[in-house]
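Provided herewith is a single structure, encoded as structure tokens, for subsequent inquiry.
Chain nomenclature is as follows: A, B, C and D, assigned in order of appearance, with residue numbering initiated at 1 for each chain independently.
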Amino acid sequence: MTLEMFLITAVKIGLVLFIILTAVAYLTYMERRVLAFIQVRLGPNRVGPFGLLQPLADGIKFIFKEDVIPNDVTRFIYILAPITALIPALMTFAVIPFGDRLEIFGKDISLYVTGFNVSLLFVFAMTSLGVYGIVLAGWSSNSKYSLFGGLRSSAQMISYELALSLSIVGVLIQVGSLDLVKIVEAQSGWYGMQWNVWAFQPLGFLLFFIAVLAETNRVPFDLPEAETELVGGFHTEYSSLKFAMFFMAEYAAMITASSMATVLFFGGWNGPGASADTWWAPLLGLLYFAIKVFAFLFVYIWIRGTLPRFRYDQLMDFGWKLLLPLAIFNIVFTATWKFLFHYYDLAQYLPGWMSGK
Amino acid sequence: MFDAITNYFSNLTPEHYFFFLFAIVAIASALEVVMQRSPLYSAVALIFTMAALAANFVLLKAQFLAAIQIIVYAGAIIVLFVFVIMLLNVRAEESRLDRFTALRWIAAPSAIVLFAGAFAAIRFSNLDTLAPSPTAAAAGTTERIAEVMFTKYLLPFEAASVLIMMAIVGALVLAARAKEYDAELSGIENQEVPPKPEPEAQPEEVEVS
Amino acid sequence: MLPITNFILLSAVIFTIGAVGVFFKRNIITILLCIELMLNAANLAFVAFASYFGDTTGQLFVFIVMTVAAAEAAVGLGLVIAIFRNRETLNVDEANILKL
Amino acid sequence: MNTTTLLGGIIFAPLIGALVLGLFGKRMNERTVGLIASATVGVSFVLAIIAFTTLLGVAPEGAEGIRRLHNPLFPWIEVGSFKAPFDLVLDPLSALYVVFVTGVGFLIHIFATGYMHGEGGYYRFFCYMNLFMFNMLVLILGSNMLVMFVGWEGVGLCSYLLIGFYFQQQGPAFPNQSAKKAFIVNRIGDVAFAIAIMLVFMKAGSIEFAAVNEWARSLTAAEPMTVAAFGLGGASTIALLMFIGATGKSAQIPLFVWLPDAMAGPTPVSALIHAATMVTAGVYMVARTSEVFVKAPSAMFVVATIGALTALGAATIGLAQWDIKKVLAYSTVSQLGYMFLACGVGAFGAGVFHVVTHAFFKALLFLGSGSVILGMHHEQDMRKMGGLRKFMPITHATMAVGWLAICGFPLLSGFFSKDEILYQTFTTNAFANPVFGKIFWGIGALTAILTAVYMTRLMVLTFWTKERWHDDHGHDHGHADHADDGHGHHGLAKGETPHESPWSMTLPLIVLAIAAAVGGYVGVPNGLGHLVGIENSNMVEHFLEPSVAHVGSHGAVAGHGVEAAAPVAHDATLELGLTAFSILLALGGIGVGFWIFRKNPLLKLPKILEDKWRVDELYEATIIHPIRKLSESILWKAVDVRSIDGLVNAVADGIRGLGGTMRYLQSGLTRSYVAVILLGAACLVGYFLVQGYVK
């Protein structure tokens, strides 16, 4: 590892963190504005032009509020919890491929922090750690609302993590790699017809998206923080910067989920002209990636503005009795499909764009 | 003396530093697992042990297992523990008098003998001369593990899946039986089932304003 | 390059800590956690040997061990809940009658 | 080896049909069920035709010059040197079988859509039928004995399910009893077959048919033709064991008793399984491993003897039966005897050819009888039929073709195959003494006359004499004796007349009638062909030549197939003379049948014939009853209760006693257990350390 590589990586880490944190901040703004639009309100529009400086104001408020630590909390874990929530959420961005390789000053620089052959598993490992933040917060607060929020959260996340993992197995069978970069590269060509969502994982995508909604605790699966039932759920006792960390973790998780949906099902940075042999093509790819992620984030907010919350037993039934069997069916279906192609080589009878040859 | 130490440190590669870092984290958190009185602290400490071991797996070029280690152990098993701890709301170990102090006099020496034996076995072995295999990275890929798992070790794999199945059934039975036992403990099953009481007259609806 | 003894020694240390924990702790949950610790120590040894011999078999064993650990956690915690419901305690010394 | 994926398609099409019908059939209407069932078999048939034509274009390979298509599916069982891959192989023998099985099966499926109309469990019936087709095709196409065994057991299972299709009926001779009987009798044969497979693996080192035949060919000389040859564990023993398996599946003496009872199933089942396809599996197996049989003349003699006796015995029983399906059932047994006779004298090609022609005309006759039964509102007693020609013209015409074919009427299919068998039997030199061949020929000729007589009787009673539908006669035999098709009411009510069946039933009849009429022209005996100026007119045998062994009239005893493949001069005069004689036999038999039954249709024949030579009673007295007594008095009361239970109880008591003392170790204190474990571990480590130090 030369010093140069070290520096480049450090700059990339800094840049990604900066962009993500900014994106998180403006995601809150976007959520409030879009929700307001859906509910025929105005939303924040006073601070700066169109209220664009609102996130900044929120940030300043969070930092300077009094940091209250209740008396009966388990102190160490109480402080540890928000950190545990935020760090894994940010760490996932280490492997998400935002774009292709770019040539700057004669150097070949990849538009992602790092990539290795099991990067998809890394993302899953990190997201699976995210539950601890919530669980520990719920337990250490020594408050029944927090405890219930934490309990619900752990049960919900364990349940939906199965469906989540199984829903992407179809993609893995098709692509044959756990490397996110390879998964994106496998979806290039044929003007988007090679995106996994059409070819042939529509069910997988649907399951993935629903499971991801549950994993990020978003409406209609936001039971861990159901404010009408549990005051605020696991973060009832948190305030100031610690609360902000939970907030950031949740929104970072949303961006992660949207990025993963883009990478796994919607071709990542692929798009018209993004694979051209020009210097700006990777930047165009970056733009496509951003647009796709943005679209998913919009859908998130849209769903929040539209759907009511599940009941707890409905949530469990839905996860175990519908999503899981469907995900298994999807795997069997994909495996059979792949086997038939492999064994009988059905592909030779199909037009080229369908077989990907 | 001083030269020996500088020599030693100058021979160290980044791998050494990473190993020592993670080894210290692993041992410290493992000690923490044992020494904490509260099960939740133990569980949290265990997560750190797992993470440190996963890092060691990466040093050993077993990236797939490292990821699986985090997903399965940290992401599923320990979560289950934490969930149960929360469900039962266990705070700290009761500090009641230990009734079986005598047992310590057997176990403590045994543990020391155990470790001493293991240490001696490692010390007197010729493991030090074992050179790292050049194919280590190839042996740890997902493809290779899958290939071995679904061909040569298909039977153990199937046996493991049967084991998981039995565990599921066992856990279900335990959970379902709990009610029955409750009933048994409260002596309901030995009694005649009392006739259902006539539904009492509903109290008048109270006006809620 | 690191000699393999480093990893094996680390494994032995963690294993001993786990074994001691299984014996000295009285809380069933902690005991289960200590068992996980021992299993993990074994895993480390497996992976170390697999890596130094360039053989995948050791890694596969780790996989199986994880399966066993998962099964053990499921059944063990089911038992914990059952014991707690009937005994109101998690002390192993209290749970000394076969009949719950 | 030519690899293809066609064969997989052939077997899986009906399997998919069976799965779909089994899982979702309950919610489908009859049309859909019938369509799926017939279409999947139709697909198989088309694929079989394609595979057949592909096979013709394949270059012969190996020393034997066998054309083969190979379709490996998956490795199945591999233990040490024992390998049983789930592979499919198409060679001339299996190609012929596949084509006629799928073809006849397809027609019968279509027939059944009409016949089973309105029955409960319609989808269940077709699910079983498709499953049967799958298993039969696995049996035929399997490349090794174990895969064949899978199909073998599979068809047995489907046969059981279908015989017992009307399982709701209760009684001593009702479908579920018949089904059990078929299943159990077949098991006896299957055990022998399984032992044969093991023995083959021991001797030949492989259970692939190609390898087994290779091994048999490599045996230098045939084993001597003595009884002692069976005890040697060589070719004779293997051949005999396999033949026992075949007697079970193909209803030969002594295991033939299940087939007539199997008529309790619906008629299409009788046509498909118990006449055309499954029961010929035994012949198929013998032909498949013919090289082994060729090396075991004593086993060949047993095969020929059993075949001839079965043919004759069943024909005599068939003379006296009243139930139309029973007559056909005994006729089937008799014809199967013919096929085994052919195999026994070394004319495997002729035997297989007879299987094919028999499949056509017997399926036709059974379907025709089904049509009659349906037209008579589920009446099977011929005493209550008669004069049906007017009411069921198509059925009558097609059945007449089948009748003439089975009688061996000149220029119809049965004539060619039967004539070939008789000729080959007469001239065989498979046995040390040529007199045996002449004796077998005599039995065969007698059977041919009897066949013509009882088939004529069937036609006369059913179609030509005066109407007897409303006669009270014939009820004296009671209902229990006669398996009806699951309807409380059967027979025609007063004033009703029989009616012709719908097109879905008559169409298969017509197609089969054409096949039964002209199907024989692919195998015109060489002598006759020579007469009209065509050389080597026996195309079937020529086609099969590489894949079955040759002995008897074509070559020296135990001659290699290669040698036999060379053209052999025929004794044309002898062959034509025998042909003329068999024409005489057929016409004579038909004439006798007319002469006797025209005037006196309800003529009573000796009671012992009507009672099927009392074989069932004999088995009851000599085998079943003693076994039952033995089980009760010795196995149950002495062995089970006294010895086994006593032993088990003693063990239990001992353990209880031991546990009583040992339980004091179980303190229930988890940590004391842990301490003991830890101590044990420490001791182990210490032991190994000390041991290492000592070294």
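Assorted remarks:
One rule holds in what follows: a contact is a pair of C-beta atoms (placed from the backbone, for glycine too) under 8 Å apart; a residue touches a chain by one contact, two chains touch by 3 or more.
Keep in mind the model is a prediction, meaning the values are calculated, not measured.
In this assembly, D is the chain whose CA centroid lies farthest from the centroid of subunit A. Here the chain at the heart of the shown protein, by mean C-alpha position, is D. The pair of chains sharing the greatest count of C-beta contacts is B-C. Once the centre of each chain is set as its mean CA position, subunit A and subunit C turn out to be 33 Å apart. We define each chain's centre as the mean of its Cα atoms; on that basis subunit C and subunit D are separated by 60 Å. Averaging Cα coordinates per chain places subunit A and subunit D 63 Å apart.
Each chain gets one centre point, the mean of its Cα atoms, and the points for subunit B and subunit C are 5 Å apart. Among the residues of subunit B, those in touch with two or more other chains are 64, 68, 76, 80, 85, 87, 100, 103, 107, 111, 114, 118. Residue positions 669, 671, 674-675, 678, 681 of subunit D are each in touch with at least two other chains. Shared interface positions of subunit A, i.e. residues touching 2 or more other chains, are not present.
On the subunit D side of its complex with subunit B, the touching residues are 669, 671-672, 674-675, 678-679, 681-682, 685-686, 688-689, 692. Per the touch definition, subunit B reaches subunit C in the complex via residues 13, 15-16, 19, 23, 26-27, 30-31, 33-34, 36, 39, 42-43, 46, 49-50, 53, 56-57, 59-62, 64-65, 68-69, 72-73, 76-78, 80-81, 84-85, 87-88, 90, 93-94, 96, 98-100, 103-104, 107-108, 111, 114-115, 118-119, 122, 127-128, 130-136, 138-140, 144-145, 147-149, 153, 156-157, 160-161, 163-164, 166-168, 170-171, 174-175, 177-178, 181-182, 185.
Residues 100, 103, 106-107, 109-111, 113-114, 117-118, 120-121, 124 of subunit B touch subunit D in their complex. For subunit B in complex with subunit A, the residues that touch the partner chain are 14, 38, 40-41, 44, 47, 63-64, 67-68, 70-71, 74-76, 79-80, 82-83, 85-87, 89, 141-142. Of all residues in subunit A, those touching subunit B in their complex are 1, 74, 76-77, 80, 116-118, 121-122, 124-126, 128-129, 131-132, 135-136, 138-139, 147, 150-151, 154-155, 157-158, 161, 178.
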